[in-house]
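Shown next, in structure tokens, is the structure this report addresses.
Chain IDs A, B, C, D, E and F follow the sequence of writing; residue 1 opens each chain.
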Amino acid sequence: MSGQVVTFGEIMLRLNPPGYTRLVQTETFEASYSGGEANVAVCLASLGLEAAYVSVVPPGPVGQAAVNAVRRYGVDTRWMLRQGDRLGLYFVERGASQRPSQVVYDRARSAIAQAEPSAYDWPAILDGASWLHTTGITPALGERPAAACLEAVQTAKRLGLTVSCDLNYRSKLWSRHQAGATMGRLMEHVDLCIANEQDAQDVFGISAPDSDIDGGKLSRAGYVAVARELAGRFGLERVAITLRGSLSASHNTWSGLLYQDGEAFFTPTYDLTIVDRVGGGDSFGAGLIYALQTGLGGQAAIDFAVAASALKHSIEHDFALITASEVAALAAGNASGRVVR
Amino acid sequence: MSGQVVTFGEIMLRLNPPGYTRLVQTETFEASYSGGEANVAVCLASLGLEAAYVSVVPPGPVGQAAVNAVRRYGVDTRWMLRQGDRLGLYFVERGASQRPSQVVYDRARSAIAQAEPSAYDWPAILDGASWLHTTGITPALGERPAAACLEAVQTAKRLGLTVSCDLNYRSKLWSRHQAGATMGRLMEHVDLCIANEQDAQDVFGISAPDSDIDGGKLSRAGYVAVARELAGRFGLERVAITLRGSLSASHNTWSGLLYQDGEAFFTPTYDLTIVDRVGGGDSFGAGLIYALQTGLGGQAAIDFAVAASALKHSIEHDFALITASEVAALAAGNASGRVVR
Amino acid sequence: MSGQVVTFGEIMLRLNPPGYTRLVQTETFEASYSGGEANVAVCLASLGLEAAYVSVVPPGPVGQAAVNAVRRYGVDTRWMLRQGDRLGLYFVERGASQRPSQVVYDRARSAIAQAEPSAYDWPAILDGASWLHTTGITPALGERPAAACLEAVQTAKRLGLTVSCDLNYRSKLWSRHQAGATMGRLMEHVDLCIANEQDAQDVFGISAPDSDIDGGKLSRAGYVAVARELAGRFGLERVAITLRGSLSASHNTWSGLLYQDGEAFFTPTYDLTIVDRVGGGDSFGAGLIYALQTGLGGQAAIDFAVAASALKHSIEHDFALITASEVAALAAGNASGRVVR
Amino acid sequence: MSGQVVTFGEIMLRLNPPGYTRLVQTETFEASYSGGEANVAVCLASLGLEAAYVSVVPPGPVGQAAVNAVRRYGVDTRWMLRQGDRLGLYFVERGASQRPSQVVYDRARSAIAQAEPSAYDWPAILDGASWLHTTGITPALGERPAAACLEAVQTAKRLGLTVSCDLNYRSKLWSRHQAGATMGRLMEHVDLCIANEQDAQDVFGISAPDSDIDGGKLSRAGYVAVARELAGRFGLERVAITLRGSLSASHNTWSGLLYQDGEAFFTPTYDLTIVDRVGGGDSFGAGLIYALQTGLGGQAAIDFAVAASALKHSIEHDFALITASEVAALAAGNASGRVVR
Amino acid sequence: MSGQVVTFGEIMLRLNPPGYTRLVQTETFEASYSGGEANVAVCLASLGLEAAYVSVVPPGPVGQAAVNAVRRYGVDTRWMLRQGDRLGLYFVERGASQRPSQVVYDRARSAIAQAEPSAYDWPAILDGASWLHTTGITPALGERPAAACLEAVQTAKRLGLTVSCDLNYRSKLWSRHQAGATMGRLMEHVDLCIANEQDAQDVFGISAPDSDIDGGKLSRAGYVAVARELAGRFGLERVAITLRGSLSASHNTWSGLLYQDGEAFFTPTYDLTIVDRVGGGDSFGAGLIYALQTGLGGQAAIDFAVAASALKHSIEHDFALITASEVAALAAGNASGRVVR
Amino acid sequence: MSGQVVTFGEIMLRLNPPGYTRLVQTETFEASYSGGEANVAVCLASLGLEAAYVSVVPPGPVGQAAVNAVRRYGVDTRWMLRQGDRLGLYFVERGASQRPSQVVYDRARSAIAQAEPSAYDWPAILDGASWLHTTGITPALGERPAAACLEAVQTAKRLGLTVSCDLNYRSKLWSRHQAGATMGRLMEHVDLCIANEQDAQDVFGISAPDSDIDGGKLSRAGYVAVARELAGRFGLERVAITLRGSLSASHNTWSGLLYQDGEAFFTPTYDLTIVDRVGGGDSFGAGLIYALQTGLGGQAAIDFAVAASALKHSIEHDFALITASEVAALAAGNASGRVVR
């Protein structure tokens, strides 16, 4: 547990209308700053680990606000670069009932997409760290971040860090073919691969037989097969998969699977009333990293990760601002929601 | 599909406390402008049809704001009259769980109630239009709007437009007897009659046997009988009925029925988590008009209408700000609420 | 029904972040003023009884705002004392799904905790009143309020008032042992004891066999036994118990039990979608006092009390701002949540 | 100083957009409840006098909210009538710089306008009171309130109360001719007449020579002449006039004049940065009533009244929520605005 | 006055923190949509002219919201193009006292910058119009909009429209040299050139001797010389210049100059308390176009234009939502800000 | 400029109603976290220095939020202690015009007041730091913080740090006599003493002849005498005094004086339109520390400090979120408030 967890990826301005207001009718946006890897760093710091976040923001008050958002929750932002022209941003419209949430991205040519790989001093950044986490979004942002990402994981492995990667496939950023090729190269350096119930199929063409994702039918045996195939293909130490049953935009089921050493650990299934589901997968990754860094075993680790991400779904905006004791209480089975006085 | 859809009725200022705050405790109102027929026009324009709205607002900034609210979403407001003393208004308190939503009207002697029937130039307004829609609220506002309404539907029929009317019975505006007499005369010119599960009984005394509305027991066969009776009595081409199961103020079921050419088409039943149910029936009407105007058959048309109105229940305020592709996706069966990125 | 109901206890500033925002992320607090006994007084006045509230606030605008909050809803605040240094306060973070609501108190050394028992002129305050209500929170605030509370109930009994007390055990304020000793002395003067499903065990060690509160398994027979034991031990005329099933922070079940004259009356169980559950128990007490003061019999009284408190769970902040006709409609079985126009 | 001050007039819902937002662009209204005579009652209660307010509100939550707004600040609302169909309302758009504030009324046929004069039991209401205050708005609302108003002042005089009346001419409610006739009859029973720099001219045709109100040139001697003429014509004990210099919507000057026993007392002139000027004149009336009720002499009384109303201009919404010590500090010359810690 | 006024330029999402909150501290943005030429179109429509706006927005809800914002106020948006990837946006931080307002642009590669000149059908767009207005911002956005702009003014002249152009120099978009070359070509087709006190120098190197802009010293004679030089160099019919004296971010002086037919008309100088000064220059242009279109002479026209823009400074966001009668009242000398009831 | 600046003092929750709403009427509070020494640390970090803040917060989310607020802006919070029962808090009501801002404290028995002096490891905290800053508020909080403060300045001097102290007299926390005695002992270790125009008199009885603070008459010569006397009495290297002229709560003048090496440097006087004046003095201290740390001479240093604090008055809440370049621009004379694009 000694040493920082370092995460690397894009931070964006998130703009969402209040409540259930639609984008075409809103006159106000709630402003927050987030991104898959920033979300993981903030969640780790909230849980109590040392976490550092590496990204690029443009000079000026908007980029500064992004840095502020992350360091506010205790993340080390020493390595943030300030260059480039713009901060990527995205609009989120919260769904409800049969109306899905909608995300509109405006992230092209952002500061991180333009930064040269040489701008990051990975040996210095990773010196003394114990874990590196990144996701499939970062290389999808362009050739430069892809190269930087590869260099980061290579350096990390060389320095003996554990490396985790969340596949996080985004069809608007690249094709399945591009994703497969690039992520395949990254995977060679990865110890822990994280995915949702669709990613493995989208990126590597590995599918769970007997599952119908939109219909909410998820086959346990099928996902063990996916995890086994992933682990085997890339020599991964662990594979973790989140399993979401989408009953409606307001109501989901949520569980997870950890595959390690040939063994599969499933969690109980939570019945989620959704407050804000963006960032749910990131909090799962953070919960799992925390659990493994603090020495939990397979079942306890995946239980912690799924409990952490269940809690995230009840929290506004992307950041999973949760404490380790809150997660532990839920993982221990207290899901009654009784008032804590 | 050529030609505008014209709707005619009252537009009011809607004042609702934020969230679940009650009227006796609020210090703020969300302000929007709406009315059954304005809601239909806005929904039609959002779906992509040409829509015009005819109403009366007083001169000055409050009336102007009402016009602005409608034209913002693409409705043609060329025929709006500016005269009279006041804009009608209503207060809406959002219910939850066992506490029902509450609507308090303050609409007496509004601009539309006072406007002489001669103030509207129906031949000019309807020139080139293909459809006229109005509701049972308009004639309930007083003798002048009732006369204007009758003249409108007569002119429309004469010019060959399709005419639709939503019964929309409001017991605070008139008695069942008054409603029955006036609406009976209107119905003679109507092609499509829209109603909820109570209206036919309230206005025309036609009830569905074996149904217990407050108890949520709705008999399918009973409603076919209601539709058949309505169609027969007034020589209607089509009758459409919405079927709401009120489990609580937060949770409803929702489905619909279209009766045309002696055939009844039922939709699947949606399980609704309610954001704002005011305007739900209007979006059903708009969805149905859109579906019929774009040539959908009976089953597809009612499926589209019910999907449109299911989505409305997840949207703040009265307007159903939905696109045709959103509705089509839901009508096609994708109700999982998965994030659209 | 003649005569005021007087309640006595602490009023605090309640600070809660808007919506589901967490305390560590909020930049705004909704400010309201509340406390168990103030909540009862406000609910009684809303229901239509004459209610007076006795408490202590510091001089200055914050104490004044607390007084204003209560008299706004028609409570007689003539007897409010203005002395001491500070108003107690508490932070409430609204939970959702598996994340429980969290209450953080900052109420030590508040104005009421410091006021000498002699500061209250109970014979004058209670002159002409018909009912005195207090709760187990008041004596838990310290020796002075405990002494004042005892003097109040003694005076009330002497003057012939009905006395009710809600056990309301707060583990952060005192130990079970302290609570048992002090509350035992109070109970000697009490006619109606109100408790939730845990209080009797916490304060008096009386438990319902076969119940598992966190697991949501509540034994009806067990709670009758608890009520009988309470009534017998302290010679109580009536005992009322609320029964909450906590499925999640968003979803509870809710029912109640009234034990009087050896007979137990249970209510139907409501399925609650939670808006704000703080103050739920207080509205039960108020509903019951109202019902008994207006002469309802055992079954009708407990039905009214549970309906009142079911409605409270749908209302923002602590106060149950409900009318008697709203409660009566729900108690009569109309739980459909259909819009009231 | 013994005995309540009773005020009588209309209470309305005030709807204003936040900040400097215009009516045509707003999506939210701040909701408050006010009216000239309610404003006086609330200010008197804030200053520390016993004040009662008599008005009429419709049954239901909107009328209840109006009652709540007034009793929140300590006003006795025992005599409020609940009948009629609607609460009058008005929209206020805050001006700034060269853009004037704009008030749009929608008050026709409100509950008070429809209430029969016999609905008020003036002998009971005024029993034990020491002062009655009303304004020229009340009789302007229609024949019924005019008759009620006349009966109120007659009863008050008969019972020995002091009677004050603020001319408060509203050109949208009645003509100068109507106002002159009706107000002339009322004036016969009035002891203290309050007016702004235009009212005497509008209502009684008494003008200050050498003054140019829009240009901000106000002649001191001219206003003494106006006061003397008013006092003489109606046998008034005192006449008080506010003198506003309108430099812009953001910046006014403010002073006042009290004429009593043939002597004129002028105050210093305040330089006002305007927060909300609606209700400014009412707070002047309240300040003066308070000052006279508490025994201040002519100069001290008018200084207190003008200081009270200067403070009002810095407070949001109509109510002058000020304490007597705040006013006394300003009247004593401390206008530096230094932080009070 | 027959015929639409058509304006052409970029529309952006404007994000500003509420009140005086800084960008680095805000958690909310007010969202509005604006741009120099959209502002002119909206102001013209508010004043009562027929106005059409030509621009490019991306498909999807954000672009749709931009269209909605403009048509809400009555602008014809028939010619809006929907293509490209993103809507440009900018952040505005409101200044106060000595802290200047700050604008951060993120508008590169927006939809309008990428649209081919051939995408606009100028002959159709301008058919039947009487006036075309554009600004120096449009050609500064890139070669494509510059070519489109040139084609628009050429077509307009060919069709006999009046053409106006606001120099609006933006140093972040292009150099003075680039601006001079491009704007020089545009000017050949322009009838009315609008500029602020710096533009003529920045774009064409024409400066007012004896003026010190930052110091607020503006020489009247100097600006007549600037106007004369501009008019002569490009054969302009009219030149209008705004003259801003910046005392602080909260307090400006404001006046203007119209040079036509060799004659210079100056306006009185307004003392402005600033609410939102972004869009101030655009409302001047709109006011002037309105005045000239409605036949006002030189002095009356410039007085109207400066009054319109003085009012704009008191209104939130970019749009000058003002009526012609409001402007006329101010231009006629009523700057007292007295409440309009 | 090498080495951190360390500040030590209390951090509180600040609760202020939005805009100009009064405490007795508000339903919402803006929540921020601040305190004199935290304000200095945040301003220093914003300006670009390394700053650390030492304080005590209770465990739990409220204390955590206080830590978050400070580290969000880049302050090192490594040394924050988490113990004790409560966070102090204060209410701020923003004044305007003649109505002063009002501050109500509720800070007794806060975490910092209860922490033992031994809880702070000053040698470790100050290791490698170059400057220690504290204020007269810290020792006024009680014997424990007073002892801790003394130990801090002694350790700092021993380690060769520069020590600054802002007298910051608070009459609600201690008497003048107590302040004089305690602050006199602290002063022996201080290099730079900061005061406002009243502090020296309140704490040490040193007054400026010919000054009338409430009346806004401030004698330059008098304040040089005060500074000279202070410097002489305690052997101070530098004395800095802020000079506020309070014209109203909305309008102040602001300047400053630095006395060093027998020489007095005065700044120009700024005319301030007030947004939020709480924290104005703290930003002066921070500006001066920054200026001296970065090597500015006497005149430049005091000019920078006064410009920094002039800017603060235009910023919401206590923190002076300003950059060094913004301050430098103002200090260089650009006070025009022209928009920065």
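We adopt the following convention: a residue touches a chain if its C-beta (ideal position, glycine included) is under 8 Å from a C-beta of that chain, and two chains touch if they have at least 3 such contacts.
Predicted model, so just to flag it, every value in this text is computed and none were measured.
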{"item": "Between subunit E and subunit F, the fewest steps along chains that touch one another", "value": "1"}
{"item": "Intersection of the contact lists for subunit A and subunit F", "value": "C, E"}
{"item": "Turning angle required so that subunit B lies on subunit E, C-alpha fit (0 to 180°, nearest 5)", "value": "180"}
{"item": "Which listed pair, D-E, C-F or A-F, duplicates the contacts of E-F in over half of its pairs", "value": "D-E"}
{"item": "CA centroid of subunit B to CA centroid of subunit F, Å", "value": "61"}
{"item": "Inter-chain centre distance, subunit B versus subunit C - centres from mean C-alpha coordinates, in Å", "value": "44"}
{"item": "For subunit C paired with subunit D, centre-to-centre distance based on mean C-alpha positions, whole Å", "value": "41"}
{"item": "Overlap residues in subunit C, where contacts from two or more other chains coincide", "value": "19, 22, 24-25, 27, 68, 73, 102"}
{"item": "Chain pairs in mutual contact under the definition given at the outset", "value": "A-B, A-C, A-E, A-F, B-C, B-D, B-E, C-D, C-F, D-E, D-F, E-F"}
{"item": "Subunit E-facing residues of subunit D, complex", "value": "19-22, 24-25, 95-103, 105, 170-172, 214-216, 246-251, 277-278"}
{"item": "List of subunit E residues in touch with subunit D within their complex", "value": "19, 73, 270-276, 307, 310-311, 313-317, 319, 321, 326, 330, 334-341"}
{"item": "Contact footprint of subunit A on subunit E as seen in their complex", "value": "15, 22-32, 60-62, 64-65, 68, 85-87, 89, 91, 93, 102, 104, 106, 108-109"}
{"item": "Subunit C partner contacts - residues on subunit D that touch it in the complex", "value": "68-69, 71-74"}
